[in-house]
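What follows is a pair of complexes built around subunit A, which joins subunit B in one and subunit C in the other.
Then we have the complex of A and B:
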């Protein structure tokens, strides 16, 4: 039963968002296309990767050719294979990080906005201070203490994006809290928990979706940044940011492919989510003003 | 008005204190209470005598209970003491590094800031004037692409093109080898102007071009959006229509509208500054720019948490002060701000 319900929901989402003639729908389609491309790349890595990403398969520093479409690196590993496998790391880190920051930020924002009072003031102050501080620098500090591993990177990223969710949810809760239907629910004797979970939370879904796509964009760039600085993975794990850094010393010898391809992937993936976020936020703000 | 503004600034300045305390506390908790002993991390696998470990603990201030460390460090920070380095060279005050490295970061951020605001205003204005056309869509795409550029990648691609293929711009450092500039402020451009050293000025500016374009373009996307949307709103207002009716030229009208669109841009500048500093770390690493970012990254390699903590707390102060300045500018420009 549930899978069918889920399928119907999925279909209705696809229908309302992707199969319309609304202006700007092309952005959404391109964005979804890019994201799906990388998701499948990660899922199918063992089958589509031409070589083992951690093994030496040819001479080092071979420029892109038919056999090695993105060339080989300093050790003679195939760059394309490393990029395909690298998509797993970045997607894993980014989704774990986003799920963690949502799991902390959304309930805190909801409670803080709904109950108000001293707790709200303290939480808001802490979150605002964190929000004002450079996210990357804070993430660097946390990742440096925890040590390099993809899960630790995810924790570091999750930590710095909690305030983003908190602030958004808190603000929305504050405005929804005073609406008539919430008053009505309260008059009918609904408990605080019921009001929060059944009356307020569902109305935040659209906001969460937009903030999600935009924070995933940031998280991708932060993950790449941390791993570029050597704070995410260790040798020989394939990872875009890390591989880019490894190729950097050879760039000005003319070995552009070591830097060009990994960085391009970071940008494409980030752009996929940015396009979705842009299109969704436009659509939702249109729907609200109408 | 003058008294009201003074009062506002005072209240706003006092509000910095809790912000700094919160950030300090977060950083302190993170660096001290997360798993891992900072001393053993520096020492690594080397075997050193216990008395030397004790000595290290003492100079790092780690020999006391955490709550005493908390207040002691805070007290030191308010006196400008950000602790000492724990790795090579050991025992050097972090303050000294901040003193030499921070001006480099500041110079880079100032130039990147100019590039990003300039480009943002330009592209946003073009998009607003050409609203609804292909150019508008193009500018929108520009803002998305700029935002999603990965700084090291973009910087390295610029290095490859302008440094290697064209060979016209330097790709690392702040000055050509052999050129020296007397350090007054630490901002080489300013110092070389002050000392009338035109060779150093040319060299410093040339070294700034690629890093500040890299960081500037990446951050310009957010301005493009904001300027465009504001300008579109303002250009459809009644007072603009009355300018048209009076026959004022289009260029002048856009200029008047821009002035009105500028206030939200200032708010964004405050928020963007934090992102600018984060981006500066990556930009500095990409361009071997000897600033705070490369300092932090170097110290990470040594696992020198004491230095990292000092640098990050310094950043906390700096960010708070910048947000204070932005708020004051905002209050000066927008008479509607309530004191």
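Then we have the complex of A and C:
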């Protein structure tokens, strides 16, 4: 029953958003394509990666060739294998981070916007003060306190994006709560919990979707930044940001492949999500003004 | 028997630019199985009064004083949770705009089922069955449970709203201009529907700006002006024998096939309720004003059995 309902929902989403001739749909298609490419890369890593990413497999600093399509690094590890396995870390951190920040930001925003009053003022103040810090600096501080590990990086990034969700959800809740159908729900005797979960939350879905894709983009860059600074993974683990830093000292010696490929991957993945977010927010704002 | 007794209620909005006295000292009783219409122009406080009864005055509004007694219980001092359980079960409400009073994201049936699930604690399957029965009762087909609000016309949506309000056969139905957004033909069918519930014993508190509509089916009419109740009486008393200059003006502004060719209008505009005129709130626009009108508020007096008017013209011996 439920899987069938879910499949139907998924299909209707695909139908309305991907299989249309709406202007700007190419952005969505390209974005979804890029993201799916990386998701499959991460899922199939054990099968498609040519070598063990943590083992020395050849001489160091080999330029790209048929055998090593992206060359080898300072230790003689295969760069392509490291990139394939690295996608797992990035996606894990980024999705855990956004899931955490949603799990905290959405309920708090909903409660704050719905009940208002003192609670709302206090929460808004706390969130605004978190917002005042530059995102990366705040993430660095938290990651430094928690210690380097992918899960801790996720927590640090989640912390940074909680206020984003909180603000958007709170604002939308404020506007939906004053709509007539919420009054009508009250007039039929619905409790506060029913109103929040059945009447307001579903109407927030499109906001969540847009904020999600936009904050994921940011989170990818933040994750790369943190691991570039050595605050994400410990040494043999393959990770794009870490590999970027490891390759950077040799850039001036002409060993461009050490930096070029990890950098390209970070950029591509971020671009994929950015395209989805851009296309969706355009579609949704169109739908709302129509 | 008295069902609802509103006494001396004051509802003010505390805005940044001043206190808006939207409803000021209004008293009104509704008997069992009675249709009473509140008539007045926009901003006279009639909707605020209705929202006051169901305790849904939006902030910064507040009920300042007064009592609302429903079946012997004071609604205003009642515990929030206890009152919530009465809403929908003992008092139903239909809103003005059927386009926005239903949740756009949920099927009509689910929204109907909500009432049964809230008050009768039945599961969704059973509630949906009741919802189908109810749709038939209000003149829609059963399969409409699977429709989204945007798939229905305005009249159909208002039927759904009425079905939701009347689902548990409340003793009192409050209808806040339920036909304003509809065309006259649909308006008439909606009024028939409401009347059918009255025949089954429900009392109706009907809010409208349309005097003709009120006259058609009400038992009694209450006329409000600038937050005050100015005249109250049976339909015959109000329509055939209006006493308050405002009611007279209102009736003269309705075109009449056999009446004078020129339609009279009431000059001026309704007052700003942050700074209402002294004395009688209607005096700046009144053709018959005299000395006491601007000085003191006229009392509500009974000039014939059941016919109340608040005007100095009818106070014996003047002020």
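Criterion: the second predicted complex is superposed on the first by the 290 of 290 C-alpha atoms of A that agree within 3 Å, B and C clash if a C-alpha of one lies under 4 Å from a C-alpha of the other, contacts with A are read in each partner's own complex, and residues count from 1 in each chain.
One rule holds in what follows: a contact is a pair of C-beta atoms (placed from the backbone, for glycine too) under 8 Å apart; a residue touches a chain by one contact, two chains touch by 3 or more.
These numbers come from a predicted model, not from an experiment.
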Partners on subunit A (subunit B, subunit C) - clash or fit: fit
Partner chain in contact with A:235 - subunit B first, subunit C second, else both or neither: neither
Contact breadth on subunit A, by residue count: subunit C or subunit B: B
First, second, both or neither for A:194, with subunit B first and subunit C second: second
Touched partner set for A:202, first subunit B, second subunit C, both or neither: second
Which superposed partner A:186 touches (first subunit B, second subunit C, both, neither): second
First, second, both or neither for A:178, with subunit B first and subunit C second: second
Angle at the Cα centre of subunit A, taken between the Cα centres of subunit B and subunit C once the superposition is applied, in steps of 10 degrees: 100
Gap in Å between nearest CA atoms once subunit C and subunit B share a frame through chain A: 14
Intersection of the subunit A residues that touch subunit B with those that touch subunit C: none
Subunit A contact footprint on subunit C (complex, rising order): 54, 56, 58, 84-89, 92-93, 95-97, 100-106, 114-115, 118-119, 161, 164-165, 167
Subunit A residues touching subunit B - in the complex, by the definition given at the top: 125-126, 128-130, 132-138, 140-142, 144-147, 217, 221, 224-225, 228-231, 241, 244-245, 248, 251-252, 254, 256, 259-260, 262-264, 266-267, 270-271, 274-275, 278
Sites on subunit A touched by subunit C in the complex: 178-181, 183-191, 194, 198-199, 202-203
Parts of subunit B lying in touch with subunit A, wherever the complex brings them together: 18-19, 22-23, 26-27, 30-31, 34-36, 140, 144-145, 147-154, 156-157, 159-160, 163-164, 171, 271, 274-275, 277-279, 281-282, 285-286, 296-297, 300-301, 303, 305, 308-309, 312, 315-316, 319-320, 323
